[in-house]
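One chain, chain A, links the two complexes that follow: it is found with chain B in the first and with chain C in the second.
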Partner chain A sequence: MSRSNIALLALVACYAALPLFGGSYTLRLGTIASLYAILALSWNIVGGFAGYPSFATAAFFGFGAYTSGVLQGHGAPLIVGVLAAALASLALASALGAVLLRLRGHYFAIASLSLVEVFRELVNNATDLTGGGMGLNIPVVANTSVMGDATFFFYAMWLVLLATALAVSVVAASKLGFGLACIRQNETAASMVGLNTTLYKTAAFGLSACFVGAAGGIYAAWVHYIDPSDVFDLLYSVKPIVMSLIGGLGSSLGVAIGAFVYLALEEVVWRNYIQIHSGLLGVLIVGLLLFLPHGLVSFRGGFGRIWGRRRKVKNG
Partner chain B sequence: MLAAQVLINALVLGCLYACIAIGFSLVWGVLNVINLIHGSFVVLGAYLAWGLYQSIGLSPWYALPVAAVLFFGLGYAVQRLLLNRVITAPVLVTLTLTFGLDLILNNAMLYFFKADYRKLILVPPMGSVSVLGVVVPVDRLMATALALALTFILYLILRRTRVGRAIIAVRLDRDAAVLMGVDVRNIYAVAFGLGAALAGTAGVLMALIFPISPLTSDGYLGKAFVVCVLGGLGSVSGALVGGLFLALIEGVGTTFLGPDHATTLSFVLLIVFLIVRPQGLLGRKGFE
Partner chain C sequence: MAELLRLAAVSRRFSGLKALDGVTLAINKGEVLGLIGPNGAGKTTLVNVVTGVTRATSGTVTLQGRDITRLKTWQMARLGLSRTFQIVQPFAEFSALDNVAAASLFSQPGESVKSAREAAREHLAFVGLESQALQPAATLTLAMRKRLELAKALAMRPQLLFLDEVNAGLNSAEVERATRLIHRMAESGITIVMIEHLMKVVLNVCSRIVVLHNGRLIADGAAREVIANPEVVKAYLGHKYAQQEAVDGRA
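And now, the complex of A and B:
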């Protein structure tokens, strides 16, 4: 396992201590931070490792939220709902991925983006099951205090984050991660040397949807009310990309840090400029892409170069 | 009779869809950029028509050239100043950049115009005509005719003018065009400007028919996606065929399955087309 992945796991582990320091507002932010990190790390499997520009995150986030929401509405406990959301997302993404991942570049981007629209409309129209545009109420677990509730959901989300970080680290160090890197660099060549590219891409897509679905499941239980335009918001697809761009594509540690940095920026903007927050978010995105195209990692590049040069001198 | 009405409705709506999609298709085909700001340009065009009519009583017919000039300038500037800097970057970067720009423009519209739905109401109203039991509102008919005219003007620009031929040349083979002395950065900006001008003028036409609100931009963008993929990228005829096909499918779907499923149907169609026939109905790469 690489040093950066060990650092990632250490970061996630330290993060579990947050409830010792903060009140319910801090815990709410902490839960969102975990959620964002899950989305970004998951997206990074497809977008960073394999280099496929996926905009499908919101589709599986919403799908997971509704799977768990509907099950809980029928009396299932949270854990069952979340596990079902994760497994159903995994199965659905694998089935869809086998077909969609034949497309490349712009066509894949459009297809994955359309997936969000299709899911939203389907949920909107299945009024009997999902409540349609009226949304879905998820029952509140009785006898909990505000703090108890906040702590519970913080740890629930944190557990999914931990699972995501572990899975990402294992993937990065495994044959699957190597195969995905080959696909990113030259898919035709990878398939020529005998790599089953369809299988690898499908596995990546399924894996990335699995944790997103679980996070959506917890989100639904946490906010107690979801509606299609909320959980199938295209912003859930774009935010992980922005976080990954902040942190630097492909690096799991960078992506997780990018998620935290992004949340900090978003919260500051949201708190102070509510009326123009989405416009400022746009300014942030545009500025980032124009001036810092490789993310925060570009700063590290400076040190890396110096270090590399010194070593070369020593060797020479 | 019902079939005839559905057909006429689809014909009218299809030309409008084509008009929305054609600028999007041009930008995608020539610049290789999925331009997510397109829907907001359409809405901004609609606000322009509404504002001009409310404030100085300028009829939407005369607002068309105003919108064309203003939006061409806006699009040219956006491309020249912002998009050209990342034009060679992968799709992820260009797409996310236009998403960011869309957030800015949409938020600005929400801030200045509010989210209330507005309607441009012509005084006196134009009424409707009825032929053999098929009823069509006159304003819709006019908008359709103008949409067709705009589409034809773009066709002429691409076909007959020097700059149009240069756009096609860049679309077919960028490197060869550079070697022939085409200033690619300028051509990119002109193509994006044309795309924006088409979006803006389409918006003026939409103002005649549909309510105006910043929240409607996603719907227009979605139509542009579907039409582009159905018809085939970057060609005028492709967008026209795609627009008519989409309107027909939606019309039939709405009539027989109910209006809830029209959008689902169109996006499912989009995904099926992407997988089965990604070059679209009239897919001949880069030929105009």
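And now, the complex of A and C:
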């Protein structure tokens, strides 16, 4: 396993100590941070490793939320709902991926984007099962206090994050990861050396949907009420891409840090500039991408090098 | 000689253009076959059809009696059909070593990333790139990238290897080096089909030559006979070359 993936797992492990330091607001933010990191790490499998710009994250987030929500509404425990959401997302994404991943570049991006709309309309119209546009109430998991509830969902989301980080690290070091890197660099040459590109891309798409589905399943139980415009929000597709770009495409550690940095920016801007928060956040993101086109991983090797270069220029 | 690959009346159309027009050709085990013809004659299309990059519009391709016309590129690669590209196609960010390791990893069953990298070292040494093993492929010179293509093709343990203009763009010392490599590969028992414009190399390496012109096979036979064939002279070699050959032949 590479050094950066060990660092990623260490980061996730340390993160588990958060409930020792904060109250329910901190835990709420912490849960969202885990959620964002899951979405970004998952997107990175298909967008970063294989180089296919997927906009389908929101589709599988919503699909997972509704799968787990409907099951819990019928009396299934949370763990069953979440596992079912993960497995169903894996199966559905693999089946759809085998078809969609024959498209490349912009065509694939648009096709994956349309999945979100299709899923949303399906859920909107299946009123008997999902409640349609009126949304779906999810029974409250029996828990006594506000803090107890916050801690429970923090750890639930954290567990999925841990599973995602482990899976991503294993994939990166495996034959699958090697193959995805070949596909990203030159798909024709990859198939010329005997790589079954469709199988590999489908596996990547399925894996990336699996954890997103599980996160959606926990989200549904956490907020107790979901409706189509909330969980099929296109922002769930766009944010992971922005986080990955901030962190540095392809690097799992960078992407996870990108998710945390993004959340921090979002929160700070929203709290201080409520009237213009989206605009300001946009400007910040554009600025970051302009000056750090390879993301935060550009700093790998230390600030020292950049500092050293500055000094040399000054002296020279 | 046992027959390895057979093309039976293979045609390929690109809308109005017939890039290949009823090509029938048998390739025998262990031979080095030269495939020549003017630009646009269909040489690369022929290789693309056999390796599954483009499908034949009609006709069949069989490998040792098995119909492989409809197989996918990666399936053909695993059957031991390997090629180099006229325009080199490395995995640019990968090191030379990982480029070759990829070829070995995905074409050989049961190979792991680690064992593929070990195997890759040998193939890099064979083409003389061992000191560039850890360099990103994008930073290699053209001649080195061409040799990297050879190493990748070899790592697939091919039965049949197509070399698509491996010498184009190389200087004469580099051409000589590549030619020596091709000789050694042929000696190791790999059947080779080479597309080549340098007649010196073709005559040096190939025992048999086939000529394509406007998608049709116009000559097939022993090297010396084919280059004396008037139709080939007219379509490709030109009268000057034929006269020169006649003079050289007498001298």
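Annotations for the structure displayed:
Criterion: the second predicted complex is superposed on the first by the 298 of 316 C-alpha atoms of A that agree within 3 Å, B and C clash if a C-alpha of one lies under 4 Å from a C-alpha of the other, contacts with A are read in each partner's own complex, and residues count from 1 in each chain.
The criterion applied here is as follows: a residue touches a chain if its C-beta (ideal position, glycine included) is under 8 Å from a C-beta of that chain, and two chains touch if they have at least 3 such contacts.
Note that this is a predicted model, so its numbers are computed, not measured.
When both complexes are overlaid on chain A, chain B and chain C end up sitting side by side without clashing. In the superposition on chain A, A:286 contacts chain B only, with no contact to chain C. Look at A:109: by the touch rule set out above, it reaches chain B but stays clear of chain C. In the superposition on chain A, A:182 makes contact with chain C only, while chain B stays out of contact range.
In the superposition on chain A, A:196 contacts chain C only, with no contact to chain B.
Within the superposed three-chain model, A:174 lies in touch with chain C and out of touch with chain B [touch as defined at top].
Shared-chain residue A:238: touches chain B; no touch with chain C.
With chain A as the common frame, chain A serves as the apex of an angle whose CA-centre rays point to chain B and chain C; its value is 80 degrees, to a multiple of 10. Of the two partner chains placed by superposition, A:62 touches none, neither chain B nor chain C. A count of residues in chain A touched by chain B and by chain C gives the higher number to B.
Once the two complexes are overlaid on the shared chain, A:53 sits against chain B while remaining clear of chain C.
In the superposition on chain A, A:118 contacts chain B only, with no contact to chain C. Put simply, the nearest alpha carbons of chain B and chain C end up 13 Å apart when the two models share chain A. Shared interface residues of chain A, touching chain B in one complex and chain C in the other, do not exist.
Contacts from chain A toward chain B in the complex involve residues 47, 53, 55, 99-100, 102-103, 105-107, 109-111, 113-115, 117-118, 121-122, 124-125, 238, 241-242, 245, 275-279, 281-286, 289-290, 293. Residues 28, 32, 34, 82, 85-86, 89-93, 95-97, 99-108, 111, 222, 225, 229, 260-261, 263-264, 267-268, 270-271, 274-275, 278 of chain B are the ones that touch chain A when the two sit in their complex. The touching residues of chain A, counted against chain C in their complex, run 173-175, 178-179, 181-182, 185-186, 188-197.
Those residues of chain C that touch chain A in the shared complex are 51, 53, 72-74, 77-78, 82-83, 85, 89-94, 98, 101-103, 105-108, 112-113, 152, 156.
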